[in-house]
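What follows is a pair of complexes built around chain A, which joins chain B in one and chain C in the other.
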Partner chain A sequence: MELNFNIVINNLPLFWQATQITLKIAVLAFAFALLIAFIVGVLRSYNIPAIFKLLLSAYVEIFRGTPLLIQLFFIYYGLPSVGIIMDAFTAAVIGLALNGGAYMSESVRASILSVSKGQEEAAYSLGYSKLEAIWHIILPQAFRVAIPPLMNGFSSMLKETSLVSVISITELTRTGNLIYSRTLKPFEVYLALGLFYFIMTFSVVLLAKQIELKEKRWTL
Partner chain B sequence: MLKAQKVSVLLVCLLVGMLFLVSGCSQKTNDNAKTGDKSWTNVEEREELIVGMCAQYPPFESINEQTKQPEGFDVDLANALGKTLGVNVRIVDAEWEALIGGVNKGDYDVLITCMSKQESAGSNVNMSDAYYDLNEIIVIKKENTSIKSVDDLKDKIVGVQSSTGAEIAVDSLNGLKEIKRYNYNNDAFIDLVNNRVDAVVVGYAYAASQLKNRTDLKIVNSPVGETAEIVMVMKKGNDTLTAKLNEALATIKTNGEYNQAYEKWLKL
Partner chain C sequence: MDVINNLIEIKEIYKSFGDQPVLRGVSLTISAGEILGVIGASGSGKSTLIRCINGLEDIQSGEIIVKGQYMTNRRNSREARKTIGMVFQNFNLFPHFTVLENITNPCRVVKKMNSKNAEIMARTLLQKVKLEDKMYQYPGTLSGGEKQRVAIARALAMEPEIILFDEPTSALDPELAFEVFDTIKLLAEDGLAMVIVSHQIGFIKNLAHRIIFIDDGRISCLGTPEYILNNNNNARLQDFLIRLRENI
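Moving on, here comes the complex of A and B:
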């Protein structure tokens, strides 16, 4: 077998362009997912009217219980049938954000539940209102617990962006397939592709470690 | 003595002449024996032309859902050729990947299966004259009047199915605003209907079979990229059969049978 990594080097501009698209989708979708996860996770941790509780758990269960691929197909190809037309990029970000938000809201909820009830009671005894207790006492402690699973969420989201190639976005994976079909060099192309994804997710892991270290200063 | 000499010279001349004649004949038969090309004689003796195809490419060839028999342009073409040659035609449906191997092994006399010159060039086979020129063409919305030829695709968003001839054709164009690549042509058509792409480039065969009944889309018959010449494929060295089929192809092109098949299957 003859390996020729020049094809990877020659196609670096294409890979770089595609990496930017992948990162753009992943970061945007993650930001929205974080917002959704925070709102849904906090609301589901406390007593809210039953109708909201039902709606929120329906959202989480539906988006966790169906494949992201089908959600993307539905948003991009299905919704136009009822008059909702959006471009591929918007559809990708919305799909990934709704899906990631459902998963990550559970991480948020779990981390809130992990803060001992005593903390909340202590806050009340010091005259904090309910909202103040949540904002100043519970959430900062929950945040520390939530970092690892949320970073996990980001790296899975980054990898799941490869699915958006089905709605005609030429991101990293699609670009790799394209170069493969032109060069017929699967070993080099897919190895390079994996490397690009790994570099991205690993940078995020390093970043998460830094944040965790900072937070550790407050641990008893 | 002199007379005897003359006679002997004459005799020798005669002998040599005869030898020439004989060798001339045997030279010819020898030639045939050397290449062993009995491809046409075999078909003639068998009174049957065995045609291999992969019946999954309408409108060229596909299996009719009711009759379970292969039908399409290639089937009609094969039958017309058989009629002209005076032999029966037996069609064998096989997997695409097995076709070249099968024709080399002798399972089929000829492949008539919308195979292009480019596709078969690498496999060292005999090819007939091209019987059809297959292009990648443009599909747009019915109400679109701005795209009339391939040049009008400039600064437009063009959709295409990934890993197809159409994709190669679109990649060869310059000045497009964006190329959107889909897993299936159908996805590209959904985006065309929803105005997320301006035009879709597909193979003519696909357009001919899928767009016949659609009122919302229309075809701009302006070839994109390279034309694929569709040929019949035979085993390497089966020159007599190749010549016969080329002859028959020319005949049905003039006597109207080719046009009949074309009108029935390929006309848009």
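Moving on, here comes the complex of A and C:
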């Protein structure tokens, strides 16, 4: 068997197109997931009515307790049965965002709980309202603690986009599959796919390091 | 007349943590400009008392009246806190802000000052506590004594009529405690009312107008420093003072 990496090189334009779709899904889904994680994580850290608390923890537990693949199938193939129809791209972004949001909300919550009680008390004693204390004092400190797990979340999300290939989105993984079935060169194709994903996730790691470095300007 | 002079009135307050009573009927008035020392063994309820005064702890019964206003709910407590400053044992500076921002942020957020005025205010106060050369540093780089002086400056920025000190030097080495004492003395010269919870009897006796001895959740003895330290017949207080002196 002879290896032929020209297959990869000849298909670079196709791979590049597919990578852009993967990135688009990942970035969009991450943005929504962050928003969800922020809202759910903050709400679950403070005293809110029991019914909301129950609903939010149900959301978190259900999305963490079931496979993403099933969630995607359910959103794309299942929901049309009850009249909710959307295109594959939308379904992919919603599925990834809801799933990632559930995981990341726990990181947000943990980071808020890591800020010492004395910080809140100092803010109150100066006359800050609850919201002012959360916004100016608690969240900025929680942010630093949350960066590594949240960037991890982004990295996971980038890799999990490969699952959306099953709802017929021609992103990177599906493009690889198509090229493989056309060329019958699995070694070259999947090695290249792995490399492309690695380049993306490693860039995220480097970016995370930059942000962490910037936040290191203060210590406790 | 009395009502006007009384900055803070505390009437028969009870406070418990779960089924553990901490304050069992404490009544006290503090007038404008008064310096009140609070002494007592660990766990006697001294810290809880001053935390109740500015609403950091809820009370089970009793009344707290700040400048004639009953503190009954969160909104009232917030109003009262604008009159009352607080300095904590563990400083509780905001570590993500520089020394300057620790003062300018509350000025902007709570007092709605513009950035320029907030900075003028902060610089003036940092000069007062002799830390203007550290204003662009983060609290993490300061010594304990410096941190506490910034915390005092921060409390002053809210222009309170009284400051509550919750064991302000307990977390400090003795030589750093002195610089904090010196700062507190400056405030006393300005006529600011203060409640100082401390084990440093030597410091309190020179500064306080009155001292209360808290024992087992009650005010067991109240009087001038001279009375408290030398002329009382309170056996529990004498025991406490002897133990305190032995430790020094």
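Following the convention adopted for this analysis, the second predicted complex is superposed on the first by the 218 of 220 C-alpha atoms of A that agree within 3 Å, B and C clash if a C-alpha of one lies under 4 Å from a C-alpha of the other, contacts with A are read in each partner's own complex, and residues count from 1 in each chain.
Convention: a residue touches a chain if its C-beta (ideal position, glycine included) is under 8 Å from a C-beta of that chain, and two chains touch if they have at least 3 such contacts.
Predicted model, so just to flag it, every value in this text is computed and none were measured.
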{"item": "First (chain B), second (chain C), both or neither touched by A:124", "value": "second"}
{"item": "Which superposed partner A:77 touches (first chain B, second chain C, both, neither)", "value": "first"}
{"item": "Partner chain in contact with A:64 - chain B first, chain C second, else both or neither", "value": "neither"}
{"item": "Partner, of chain C and chain B, that touches more residues belonging to chain A", "value": "C"}
{"item": "Which superposed partner A:217 touches (first chain B, second chain C, both, neither)", "value": "second"}
{"item": "Which superposed partner A:209 touches (first chain B, second chain C, both, neither)", "value": "neither"}
{"item": "Touching both chain C and chain B, counted on chain A across the two superposed complexes", "value": "none"}
{"item": "Residue numbers on chain B that touch chain A, as the complex places them", "value": "159, 162-163, 179-183, 187-188, 190-191, 193-196"}
{"item": "Contacting residues of chain C [partner chain A, same complex]", "value": "54-56, 78, 81-82, 84-86, 88, 90, 92-96, 105-106, 109-111, 138-141, 154-155, 158"}
{"item": "Chain A - residues contacting chain B, complex", "value": "77, 80, 85, 87-88, 165-168, 170, 174, 177-178, 181"}
{"item": "For the chain A and chain C complex, residues of the former touching the latter", "value": "116, 118-119, 121-129, 132, 136-137, 140-141, 144, 217-220"}
